[in-house]
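First subunit A sits with subunit B, and in the next complex the same chain sits with subunit C.
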Partner chain A sequence: MGRKRGGIRPSDSSLAVLARRAEAVAVPAGALLAGLAAFSLFLLLLGKSPAEFYALVYKAGFGTWFSWQNTLSRTAPLLLAALCVALPARLGLVVIGGEGAIVLGGLACGALGGALSGLPGAVAIPLLAAAGVLAAGVWIGAVGALRHYRGVNETIASLLMAYIAIALMNHLVEGPFRDPASLNKPSTAPLAEHLRIGDIPGWDVHWGLVAGIVGCLVSWVLVERTTWGFAARIAGGNVRAALVQGLPVGRLVVGFAALGGVFAGLAGVFEVAAVHGSANASLAAGYGYTGILIAFLARHNPLAIIPVAVLLAGFEASSGLVQRRMDLPDATVLVLQGFTFVAILVSETLYGRLRVFTPETWGIPR
Partner chain B sequence: MTVDGRLQAGAIGVETVGMTMRFGGLTALDAVSMRIAPGTVHALLGENGAGKSTLVKCVMGFYRATRGQLMVGGREVEVPDPKSAHALGLGMVYQHFTLVPSLTAAENLVISREDAPPVIDWRAEMARLETFMARMPFTVPLDQAVRTFSAGEKQKLEILKQLYLGRRFLILDEPTSVLTPDEADEVLGHVRRLCQAGELTVLLITHKFREVMACADEVSVLRRGALVGCGRVGDLTRADLARMMVGDDELAEPAPRTGVPGAPVLSVAGVRARDRSGLKGIAIDALEVRAGEIVGIAGISGNGQMELMEVLTGQRSVSAGRIRVNGSPYGATRREARVHRVRFLPEEPLHNACVPRMSVVENVGFRSFDLNGSGARFWLSTRELKSRAADMAAAFRIRAASLDAPMSSLSGGNVQRAVLARELTGTVDLLVISNPCFGLDLTAVAEIRARIMAARNSGTAVLLMSEDLDEIMELTDRVLVMSEGRIAYECTAARADRAEIGRRMGGHA
Partner chain C sequence: MTLTGPTRRRVLKTGAAFAGALGTLSATSFAAGQDGPTVGFIYVGPKDDFGYNQAHAEGAAAVKAMAGVTVVEEENVAETVDVQKSMESMINFDGAALLFPTSFGYFDPHIIKVAPGHPEVRFQHAAGLWQEGVHPSNVGSYFGYIGLGQYLNGMVAGHMTRSGKLGFVAAKPIPQVLQNINSFLLGAREVNPAVTCQVIFTGEWSLAVKEAEATNALADAGCDVITCHVDGPKVVMETAAGRDCFVCGYHANQAPLAPEKYLTGAEWNWPGVYTRMVRTVIDGGTIPNFDRGGLAEGYIKMSPLGPAVTDAARARFEATKAEMTKGGFAAYRGPLMDNTGKRILGPNEVFVETDIALESMNYLVEGVIGATS
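Our next item is the complex of A and B:
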């Protein structure tokens, strides 16, 4: 029973284009608000004021130049970690083990730092970054390969491989790579001063922020404006259609997963070379997991990751102040993230169902 | 529930009076008044979209009719939902099985009851089932898992299930579409005997005239939502039925067949692969398709046609054998498909050849998005995608609200036209097609068959897999029959004998 339709209209009117685009913004934004509203109820149950909470979050995350710099420093690893979810997601893979790639990237950088300390920074830093990126890319690439060639569920595999990566790091920094001088917190030997990555001039924010933003822009161009990205979107949308078209699905899956790993590995490199100075347990700080939330909120669109990551970084930056001023446990921000994530997952069911965003249903009576 | 008590009540008659169903501006069902006498088999014929499924959905309570009444056993009744339909003794057997494969027949029967107890006393239930089965004109093995049943046994179990549930009026929705001709005859024979015994009334939805002639007492024909004819089967000929179904519509005449077959394009030799279940194998010893001919593969669904398509499209690996196109080994890569101009048209194109969420423009660009003249391109050209899509939409008359709308918003015929546009634009050496006209209305079917014939006449080698024997007979130059994963029979279309092909489809030599 085909519904009656008009003749050929080659493309959308500008209103229709606007409606299609608006869906991708309005649905996640609505879900975010719903998550915040649910969290407000949670605060009320605890006898705390949601208004005070959000005011504190604003103050600590975005209120002053100082808090902005704090937020932006946390944004860098989140941008890169979110790409580790968003890029494989365009191929239909739900990879949640970015944490492992961050840890391995940082570990490779920290472990090689000593050996390369004889080289000038301009040579050694790219080499360190390459080592970190390579380790992490192979790690997440392997998740893609397991999925495509052996049918192993990539979500479980990536999560378990993250645990392996963290255990591997703990083993190595407490054993073979341990700096004897690190007593309380086993670490690799600190990077020599000339191997450190500094701050953006005039800002108290390291270069990782720039790397993250460039990473998002490059990813967006790759996915939306190149034939590789188009092939990946076909394979991610319907793998049977991609195979019938003879597209190299295996290479696309492994390649995009590995590229996601590369970005997460870069986050680990910056954590070591720009923040901690050596590789240790601080690498597993949960950025990889917050990255999952960011990528889903951004609907795996690399450009949308940038504002979402800034927002979530602001939330994380405020956890200390919220803890002190409102006497809330520091896990409170995790509860907020949890509420938001559930709201996002629920909102996935709304796509294509709201008539205001689907111009092809306009004019057809209900 | 007193199963036996209900059965004894016997067959019931059903009547619709002025049944009308509107969806927005569309009238799917227009004042249909139809009387199905108790104890008869009443066939319901009609094209796709003629309103057959809307009518039965109104009867079964899935839809609430806009206007009109339903009479069951001579009394006017309200059927607000399927549950009330069941309570009145109305039941439906769907085209596809609704059994749990891992459970036994007995378990399937007992869990289908709405009043199945939380703790089942299996000994008592089995005893009751045995008595029930003893009264039935046909049986199935109660203690075997349904997974091990043949399609015919499954369909028999579906019908037994309805009787067990106390249904006395059954709607059978194309019940033989997955059966061999012999199985179909057997199942319909049982149905007919149950009706003659006065235990059951059946409304049989079908598009096979043969079944109407062999099994039904009366027939009603729907066209565009209206009842256009009815009568006793004995008073009507096949030609009468066909005219009622199609009306005075002018259909595109089958395109003339011109030219003679040329050199072999596709050759498959000694190919072995596992089937879906992994338990059985498919074995194609020799298959050749030449330029300018259409080779048809007939067969009941599930006899390896899908697997053969997957082997050719590179979705299924082979354990042995050789596939050659234009004399060179063919591994279904994009480069090989391009060099040898191989195109595919899988069945259910929305699910097998499209990305439903991507736009029409993007979907019709799948073949050519990475081509720039004859070279490869790295940067995507949205403008070129759009202009190509507009050309294809015009040439193949794709009707869409907008080409920027998602592919999933198109009607079935337009999805098929869009995919055909994508695959038939440019020169094509080899076209592999599977069930291209499944679920399409007659005009779309005629148009798509004409396009396939035109491709053949221009020298394309076409391999057509179809479960529709009429389609095979109309289009092909040579007919192969596939059964149990093998090619069981081959003949030229001119010498093809429908009965012989039917026997081979069922695996009888």
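Our next item is the complex of A and C:
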């Protein structure tokens, strides 16, 4: 479709920009639909109706006010967990151990709750949150430091450290930090009532949702609108070029990894202060792993994390109804997520190859 | 260009199918409960795990067979917001009037949070946690004295072991598990005072790799009868039988996994308990908020004895079982020491099956090789 034009007119250029933007939406959306289509075939092979499946997903995830509250309750930790993947990804780091940061954030909050119960909530809750994000930030920050200063693969290190974090939590919750009254489910002492974080008024959804959305917005501004974010993207694109430019690559790597950990730690804090009331083995609920999927689906764009997290939370919210009505195993939704994930990964190769989105199509020579 | 065409077609096709499905869904709403109640069951793991969840699912299957009752089930529901929403979803979408969220960790805070908002729904939880005045009145607790089943397991094991070493693969050192380990050893010592039992804790309720490693380690150490307390005993049973050890089951009947090596097993009798509770609801009665029982009350049962069990072991097993069925059995009789030398019971003291002291057990009795921390 190489139309030859005499020169570049402003309208052409803006069309080209529009095409670029459209590509960033159309490719993942197309991949999502392709994943859903492939999953439909899978359902047909099982002798189940894809139409009924998607109708149930809609009903249980988004069809009623209860469904929305169900979905948004599940969205809260996923937003923060996804940031733990998306932020380090801007520096080219693939961090998949956010689960460990969530667990440690919750553990720190639960363990200190007793000591701070004498303080008013307005003082103690921020302190508990600070303890949680500090523990988690140091944990994932260490992953960044190991990568930058010692050359340790951050993907493996973060995953293994997540196992260590969970083992550490189990040990402390069953040993030194155990509330003697928690007989058959070892937990830290329950947080005093005034240290609990409640629900958003009128909603059956805790404040973690707001924290997650704010976290995504702040992260977007940081990455896209600050010199720090710009430097991080440079370093993520080409470390040597960044070093030649004199950018503090080490501090960027450690800083972005730690910030990712901070957000995941906050998810753990909300799990303890808003959901469980104490730290125990339920903290390792797999949010950190769903966060990986969300961050990749969102192509590590903090703003895109919000709709993607809502979508996946909706899938998970519908898992129960799908089990009950269609007699499908609970893993069905995991299979759906898997199809979507593979489709998105494959779609990465399409960027720049669909001619409708290329500048030449809109009259701009390469 | 060729890549965009099919995508658009797919969009249209999916959209059309979606719209059609929405139409049919609203037209034919869920055919819930003909005239009887809708009962919801929620499991923390897979309902075919040959263990904790399967035992409850067998109860659900029995309820499903009752006339007029609709059963809805969900498996692999985490002890998080997940279970809160599953309960509410069953209430909102299926009209459930009676819920059995079966995992221990579902109670606090999840059932306690959801129950007050749904006073017309009854929440029944499998553990002895409900307290008068503390917890909502539409919540009930029920549990069985399954330690007695492990005591009977131990009696058969004590007869059958040649090495005098028994093995126990355990999840976590919590009272419920410690009671099973201790009961198993005490049952064995009742028939063979020289027996010891080695315990290995895996640290998780369901962690197949560690369960296999622990079973192999016990077999390597010379243990020749192995039992367990993990959510799904499948791995322990198959691994132990593969190492030519006898096995005693737990939670459900695992005889199909090791037909030759299976001696007996301590099973929950949830079909009996659940049909009784649902019957009470259908008849307009009230389920007690706190209910417990053992062999006598039909809360637990024993797997049929396996082909390898000797006549002597069978006779002893049947005699003790008959005694337990009378109620008030005491597996813990003084003098009794723990395995660090601390005295648990004096010469004439006992813990009968209902004794509250058993609920906060934090020791392993003398003869158990292992530590609680």
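Heads up, the rule we're going with is that the second predicted complex is superposed on the first by the 347 of 366 C-alpha atoms of A that agree within 3 Å, B and C clash if a C-alpha of one lies under 4 Å from a C-alpha of the other, contacts with A are read in each partner's own complex, and residues count from 1 in each chain.
In the analysis below, a contact is a pair of C-beta atoms (placed from the backbone, for glycine too) under 8 Å apart; a residue touches a chain by one contact, two chains touch by 3 or more.
Source: prediction; values computed, not measured.
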Which superposed partner A:Gly229 touches (first subunit B, second subunit C, both, neither): first
Subunit B versus subunit C as contact partner of A:Ala16, first or second or both or neither: first
First (subunit B), second (subunit C), both or neither touched by A:Pro248: first
Contacts of A:Ala285 with subunit B and subunit C, given as first, second, both or neither: second
First (subunit B), second (subunit C), both or neither touched by A:Arg240: first
Subunit B versus subunit C as contact partner of A:Gly352, first or second or both or neither: first
Partner chain(s) touched by A:Gly151 [first = subunit B, second = subunit C, both, neither]: neither
Touched partner set for A:Gly202, first subunit B, second subunit C, both or neither: neither
Contact footprint of subunit A on subunit C as seen in their complex: 1, 3-4, 7, 10-11, 13-14, 17-18, 20-22, 24-25, 30, 72-82, 84-86, 88-90, 92-94, 104-105, 108-109, 127, 172-176, 203, 359-360, 373
Subunit B to subunit A touching residues, read off their complex: 23-26, 28, 49, 51, 54, 313-315, 332-338, 344, 346, 351-358, 361-362, 366-367, 369-370, 376-380, 386, 390, 393-394, 398-406, 408-409, 411-414, 441
Touch list for subunit A against partner subunit C, complex: 30, 33-34, 36-37, 40, 49-52, 54-56, 58-60, 64, 66, 70, 73-74, 167, 170, 174-175, 183-186, 271, 275-277, 280-282, 285-286, 316-317, 320-321, 323-325, 329-331, 350, 354-356
Subunit A residues touching subunit B - in the complex, by the definition given at the top: 1-12, 16-17, 20, 224-231, 233-234, 237-238, 240-241, 243-248, 352, 358-361, 364-366
